[in-house]
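Each of the next two complexes has chain A plus one more chain, namely chain B in the first and chain C in the second.
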Partner chain A sequence: MNLSDSKKKLALAGVLSGLVAVCLAVFGNPVNMAFCIACFVRDTAGALGLHQAEVVQYARPEIIGLVLGAFIISVVTKEYRSTAGSAPMIRFVLGMILVIGSLIFLGCPLRMVIRMSAGDLNAWVALIGFILGVGTGVIALKKGFSLGRAYVIHKLNGGIFPALMLGILLLALFTSLLKASESGPGSMHAPLILSLIGGLIFGAVAQKSRMCFAGSIRDVILMKNFDLLTVIASLFVVMLIFNLASGRFVLGFNTPGIIAHSEHLWNILGMYAVGFAAVLAGGCPLRQLILAGQGSSDSAVTVLGMFAGAAVSHNFGLASSGTSLNPETGELVAGAVTSYGKIALIICIAVCFVIAFTNKREGAKS
Partner chain B sequence: MRKKELKLVVTFHTTADAMAMEKACKVRQVPGRLIPVPRAISAGCGLSWCSDIEEQEKLLGIMQEIEIEREAIHECMV
Partner chain C sequence: MREVDARGLSCPEPMMLTAEVLKNTTEPVKILVTEPHQKTNVEKYAKDHGRTVVSNETKDGFEITIS
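Here is the complex of A and B:
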């Protein structure tokens, strides 16, 4: 089925993805974090021992499912294409920035939309930053930004990343080698098989619809094309209906228990970095996983950068804390961005500017 | 809703090449527009140049002149 030849089908793709997120939230994923690429990459990095934050360690089957879902559907529909060769180390750094920025805000663009649908005004504030970040990336594109072309390589290469994901799944299923949180967000999850199926469906739908949070805004700014935005909007509507119907919609800032903070400037700058880096890398964190699944080694390197970014964020104390209630006194403890996080984010944004305005199309003529 | 028509769609290896094509066509007043690569053509999410079918020769000339390597040229409903 072609999920992208009309806006109605694109909307259906968003609805399907939204329903997957709803199911995962109902069956145990953290409240308001039904499906978050940055958080789940961070949890998986923790499970592999890349960081030691004990409350966020769990090999999320959703991440594995996304990659394998995209891989399987692309092979079946003959869209699998093994490519590589477009500035891999710059992409690695952009992957790090995608996750460092996300963990300052506390969520990737997908979770930003999910948080928006639950009434979290912090996410609406962050949306401003995300749009500005994508807009800055678009300016760079107009100035001739390019990381160079990718080349078709031996088909085995594109299958390596999906195979690694399969390896993590086998470790999770048949060994006790992976770390798993006993408390905190990492301990909250839907049953493994359900998460895996959810990831597979989401991955296949995202591959067919080309779902991309940064790409949707890029296309609106650059070409006034609303196709990709239709997918995101319909996912938002499904989550909004679910949150309203289940009483999970709480409009406000400083809402405890949803893993968010209300430092507006840093929410804006966090998602600014993510939007900017996503345009430069050619896709948001979700899209990078999907492209890696359908054979792009360049995107696989970006995802490896995302794992490194997650490890750095928790090993060096860059990740923000969420607003919570003190269990003893019942008082509200405001979430906060760390000093190291602020410094790292400023460096990330500066690096984005350097990458954006020093990598130009070679031999540009007009 | 706009009715779909048979158009010429040129795809490129990089987004920057598509943007350069847009700039060059504007300068030379060759009609057309940037569009997302149609899903029927590719699973990628890059940009492509869309023109009327009869502009093919002009487009080929421009690409040669400004040294853009195209990925492919398609005729498809856009």
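Here is the complex of A and C:
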């Protein structure tokens, strides 16, 4: 089974993924979020007690399902490869940047597309930054950027990260050890089993279609190849139809209740950092989870960096706040980027440049 | 035969190396990759550029001969 060898199959993969996101939105996930890798990693980090933001703590079964779905399908279709050894600590830092940048914008590239499909113009503004970030990563690639080779290692190594995810699932199912929000975004979720099944399907489809939000734009810029963009475009269309049909499409900048803000420069810079870091890491946050599921310990380290980034974002007040309505006065309270968030983001972008232009492929000109 | 060892490299490096070598020669070339999706991508790229492809699985990946 291969979903990546024709545009029709890739479009089908996008439609399937879009339908999963639609179901999750209908059954309780936060409005205009449906499926967000950065937000769900952040929530899961909160459930584990890695940060203390009480409104965003919930072990999201979607994240567990994504990794396990990719693991199972890769084993079944003999695509599982246990590999490691390509600059793990740089990948850890890139994972941190992926989530810090996402939480400045308030969403990963997947949620950016979902927000775009719901008429959120802030997400369209952020897309500019994402494309520029991917473009900067492509310039680095053309100048010989590489994090070096990964090597095939004992097959058990690649199974450790999926096993850890299974462990979190068991804790969620059979204990009360994990934290769970009683209000705020963390309290809004589809039933556990439905979220898990959604994650498993999404993970399997993403593994077979090579779905990657950064890769889709990277391939267009680098190779004039529109294959991966087909998946993303299909997902966008499905979500757009759903939002229009269900009355959830609201065109505007300051829409309360959708966990977004209208600080345009920081939306652009947030997704610039994410696009840049994703190209350097070889894939967007979703792709990192999928690669970790199919045996890459390097991507597993990147995901651990994403968890650390989520913890840092909330422990140090880097994450932005969303525009909301004051429940007592009914006034619009604009969402905002924090001062610490702005400083951290500038550091993140500077770190990306250092990584991009100091790590060269063997034989590349310096 | 020219050989490009792209084993263990992250995407899109195997594709970039393949594109570069195919741009510079019409002779047969051998590309080594680790991951199945990289094999698929390299095969598709070569076929899209009018080349014929034969692939074999090795103990640590795939050997793709493009002629």
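As a working rule, the second predicted complex is superposed on the first by the 362 of 366 C-alpha atoms of A that agree within 3 Å, B and C clash if a C-alpha of one lies under 4 Å from a C-alpha of the other, contacts with A are read in each partner's own complex, and residues count from 1 in each chain.
Here, a contact is a pair of C-beta atoms (placed from the backbone, for glycine too) under 8 Å apart; a residue touches a chain by one contact, two chains touch by 3 or more.
This structure is a prediction, so every number in the text was calculated from the model and none was measured.
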Superposition on chain A - do chain B and chain C clash or fit: clash
Contacts of A:85 with chain B and chain C, given as first, second, both or neither: second
Quick one: is A:152 in contact with chain B, with chain C, with both, or with neither? Answer first, second, both or neither. second
In the three-chain superposition, say which chain, chain B or chain C, touches more residues of chain A. B
Could you tell me if A:361 is touching chain B, chain C, both of them or neither one (first, second, both, neither)? both
With the two complexes superposed on chain A, say which partner A:215 touches: chain B (first), chain C (second), both, or neither. both
Touch check for A:335: first (chain B), second (chain C), both, or neither? neither
Kindly classify A:119 by the partners it touches after superposition: chain B alone (first), chain C alone (second), both, or neither? neither
Check: chain A residues flagged as touching chain B and also chain C 2, 4-5, 79, 81, 141, 146-150, 210, 215, 219, 222-223, 282-283, 361
Complex contact set, residues of chain B against chain A: 13-17, 19-20, 23-24, 27, 33-36, 39-40, 43, 45-47, 65-67
Chain A - residues contacting chain B, complex: 2, 4-5, 74, 79, 81, 141-142, 144-150, 207, 210, 212, 215, 219, 222-223, 225, 227-228, 282-283, 287, 294, 360-361, 363-366
Touching residues (chain side chain A, partner chain C) in the complex: 2, 4-5, 78-79, 81, 83, 85-86, 141, 146-152, 210, 215, 218-219, 222-223, 281-283, 361
Residues of chain C that touch chain A when the two form their complex: 7-13, 15-16, 19, 34-37, 40, 44-45, 60-61
